[in-house]
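The structures considered in this document are given below.
The same chain A turns up in both complexes below, where it pairs with chain B and then with chain C.
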Partner chain A sequence: MALLRTENVDFIYSKGTPFEKKALSHVTFSLEKNEFVGIVGTTGSGKSTFIKLLNGLLAPKKGAVYFNEQNIWSKGYDLRALRFAVGISFQYPEHQIFSDTVKEDIAYGLKNQGVPENLWQDKIMEVLKIVGLDETYLELSPFQLSGGEIRRVALASIMVMRPQVLILDEPTAGLDPVGRDTIYTALKQYQKETESTILVVSHNMDDVAEYADSLLVMSAGQILAQGTPAEVFSKTEELTAAGLAVPEITQLLHHLKLSGLPIQDSLFRIEDAAQELANFLNEVKKDE
Partner chain B sequence: MTALIETQNLTFHYQNTEKNLLEAVTISFEEGTFTALLGSNGSGKSTLLKQFNGLLTPNEGAVFVLGNKTSEHENWLTIRQNVGLVFQNPENQIVSTIVEEDVAFALENLGVKRETIRQRVNEALQMVDMYDYRLHPPYKLSGGQKQRVAIASILAMRPRCILFDEATSMLDPQGRAEILAIIRRLNKEYGVTIIMITHLMEEVIDADRILILDKGTVVYDDSPYTVFQHVAAIEKLGLTVPVVTKLADRLKQKGIHLSEQTLLTKEDFAEAIKQYMEGHHGTIEN
Partner chain C sequence: MNDVMIGQYIPGSSKIHQLDPRTKILLTFWWIITIILTNRLFYFGLTALFLSFILIGAQIPIISIWKSVKPVLPIILFTSFFNLIYTQGTVLWSFYFLAITQEGVQLSLFLILRILLIVIGCSFLTFTTSLTSITDGLESLLAPLQKLGVHVNDVAMMVTIAIRFIPTLSEEIQKIKDAQKSRGASFSDQKFLGKLRGVIPILVPLIYSAFRRAYELTMAIECRCYNHEIKRTKMNQLVFKRNDLVAFSFFCTLFIVVIIGRFN
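For the complex of A and B:
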């Protein structure tokens, strides 16, 4: 049974006006419990619209969205509860931070959820640890923090509510490689510990390829490809034509293959690529 | 010859902290060069960049732009006209409701003559391929297009140097490629000096100079081919090296030494493989 799924959803902005714009058409997608899925696509491909449909921030013009097999737009459905169950962290975390201290910012969601105040401290410390910050941050103003730290605070603010599905829009834009690894490692650990489901929207194929179980590629409001990273990256040409970059390592292997090297080119991890090339080059040596 | 930008023993900390974010940095930039400034989050690179146009000024030491000391108020106009800064998020840099008005904004503020403004705005928009959009409202543009408008606004001031603070990190691959192509063109065709902060290695290999900052000091300052020889040391700083360089390094660890030279581009790598195979009497069968 899918935890969260969409069936043939369409979405149109400003319908019936001269500015009408079709953002999604016929998108059918399902998310299983404890899955880690990456959504990739260019700007304007419909990714951001799509995630807003998943927790009922937008209503589809056609088709349906189901959470635990219940249509979220059926009469009497508790959308507020859905938004606690499906949490979204948006692209510019600095826009969703507004409190005087990091602690208040993280506690805000708990307050809204009606969690008793005596439980806050433990819950806050737990998520702070997951995102790699220590307690000295609690009393700091969020505006004193670096870009990477603000992202972690924003992430902690959503995680602390323990959504069953955690949706993140570009969680690592502007972070250095270590910062990216910290965030993704934290997410993986959180996913494992809490058996939650994670959906990450990213431009960065390298990141999602490394951490996601499966990928959803969107282009012009439709699904272009879906599957494991290796399945998706075997379609270098289609992805490139849609304005998407496959991971750099895949690009390099593809380039080598086109120049005549009989190697597998859908690999996306550096160690795998090194092994593939070493095997091939060692064969060449042996033939001497 | 005076350097375009020069720092002497630049030391800096924010008022409410004692920790130095920059520690005795002495560097200079010649006109027409293209530098990539790298460092992990918190290494001080954005702080350093903001010193180059006087947005921040040193606590100790000095920074000079075309010989003008940045700590002196009366130099600010000259400095800001000559050294423009493009930030990460294009949304925060756009002020007007029509593209060309946005580009004209700073010139109008300076009281430049109307005809001159018209001419400079058109020229700047053409340089970033946005002339056809001059009458569009900015909110309808893509991220890459907005960032191009932000660059045009700076170009209208005819600066000699543009600083980019992760100007492509919020963009998708297409938007990123657009901006990078423009940055290269500004440097190669118009001779604009470029100093660019980025975490993206594919943007770095075009630079003629790599500066790496760690804990507020310069730890590497050389050509990409020289700097990226130090794969392990750079990774230790929390940074990465170009994918091609990394792959060659991993192969070396497996006993396959492709080349004495540092490899940076796909083409470098393909060529090195070809030579390696020829060296071992292998041939590529098509």
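For the complex of A and C:
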């Protein structure tokens, strides 16, 4: 049974005006418990629109969205409860921070959830640990923090609500490689601790390839490819046509293969690729 | 990318779209004066006919016109209702202390027609002219004030920037709202205090980001060496063309007809 799924959803912006724009068409997709899924696509492919449908911020013009097999747009459905279960952290979450202290900002979700105040401290400390910050941050103003730190605070403010599905839109945009790794490590840690489902939207294949169990490739509001990273990256031509590139390491292997080396080119993790090359070099050495 | 239509500009290539923005601004004022001076039902019909020609000429969908009229309808109906019952004169129908007079009917009918015609007429300016052209037009029309020491260029620049950022900020509001809703905020609290509390999580980030954008923009403008001492030229120079003359003569004719109608 799928935890969260969409069935044939369509979405159109500014319907009925001269600015009408079709953003999604016939998107059918499902998320299982404890999955780590990456959505990739170029700018304007409908990724961000799609995730807004998943927690009911936007209503599909056609089709339906189901959470635990219940249509979220059926009459009397509690959308607010859904939003606690399906947490979204938007692009540049640091732009949505409004509190005086880090603690207050993280507590905002708890307050809305109606969690009693004496439990806040423990819950906040738990998520701070996951994102790799300590208690000295609690009383700081969010506006004093560095880009990477503030991003982690924003992430913590969603995690603290313990959503069953955690959706992140470009969580590492504008961060340096270290910042990027801390975010992904935090996500993996959160998933391990809570057995939740994680959905990461990115336009960077390298980012998601390393962490995701499965990928969804979107192009012009439609699903272009879906499957494990290895399956998706074997469709190099289609991805290139849609304006996306396979991970750099896969490209390198692909070019080496084209130059005549008998190696496998559908690898996308640096470790795997290094292993493959090492095996090949060892073979060569043996032959000599 | 949201449903807010600020400025309501509907791109097109009609004759009316191509008119000089100065022509359209001046004619909008002239239109208002003409309508205020109209005082016979027949001439209201004439001006309405004139407006419908503009409607056809500008190729604006009726639905957009309706959208621009809808918000003022309650005000029109409200004021005309009081005009209807509070005007003294020949009584047509009475009910206790309420009396509807012939003069009242006429007055409120004219009021409705006037406001409708003015609102629809003015909306054509914003429907057919992009905001940048409107500010270009205003800048050129206000240019004589430069001699009085008013920095018309700077004012025009400020107005352009302000208008340019309305959609950006409204998009920003939507984004912040979505983000706070995702953290369980609900904006349906009816009590005043609850409403106020609901606004803070939106307002603070909005103001913060407005300042951030302002600083970024200032930096960008300074990098391009903007200052008021340099006389800038325009990429699209405003030039009155033959069609502008035609438009002026149409309005002039209408104006004369209305004036004659008024004093006959």
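In the analysis below, the second predicted complex is superposed on the first by the 284 of 288 C-alpha atoms of A that agree within 3 Å, B and C clash if a C-alpha of one lies under 4 Å from a C-alpha of the other, contacts with A are read in each partner's own complex, and residues count from 1 in each chain.
In the analysis below, contacts are C-beta pairs under 8 Å (C-beta built on N, C-alpha and C of every residue); 3 or more make two chains touch, one makes a residue touch a chain.
Only a predicted model underlies this, so the values are computations on that prediction, with no experimental measurement involved.
Because the two structures share chain A, they can be overlaid on it, and in that overlay chain B clashes with chain C. When the shared chain is aligned, chain C comes close enough to touch A:Phe84, but chain B does not. In the overlay built on the shared chain, the residue A:Leu261 is in contact with chain B alone; chain C does not reach it.
Using the contact criterion defined above for the overlaid structures, shared-chain residue A:Leu175 touches chain B, although it does not reach chain C.
Legend: residue contacts after superposition of the two complexes on their common chain; A:Asn118 is shown touching neither chain B nor chain C. In the superposed model, A:Thr136 lies in contact with neither chain B nor chain C.
When the two complexes are overlaid on their common chain A, residue A:Ser146 makes contact with chain B while staying clear of chain C.
Looking at the superposition, the partner that touches the larger set of chain A residues, chain B or chain C, turns out to be B.
Clashing C-alpha atoms between chain C and chain B appear in just one of the listed stretches 8-16, 80-88, 224-232 or 242-250, and that stretch is 224-232.
Chain B contributes residues 39-42, 88-89, 142-144, 166, 169-175, 199, 201-202, 238-240, 243-244, 246-247, 250-251, 253-256, 266, 269-270, 273-274, 276-277, 280-282, 284-286 to its touches with chain A in the complex. Chain C contributes residues 1-3, 5, 10-11, 61, 63-64, 172, 175-176, 178-186, 200-205, 208-209 to its touches with chain A in the complex.
Against chain C, the residues of chain A that register as touching in their complex are 13-14, 16-19, 21, 52, 55, 57, 80, 83-84, 87-90, 93, 95-98, 108-109, 112-113, 143, 157-158, 161.
Contacts from chain A toward chain B in the complex involve residues 42-44, 91-92, 146-148, 170, 173-179, 203, 243-245, 248-249, 251-252, 255-256, 259-262, 270-271, 273-275, 277-278, 281-282, 284-285, 287-288.
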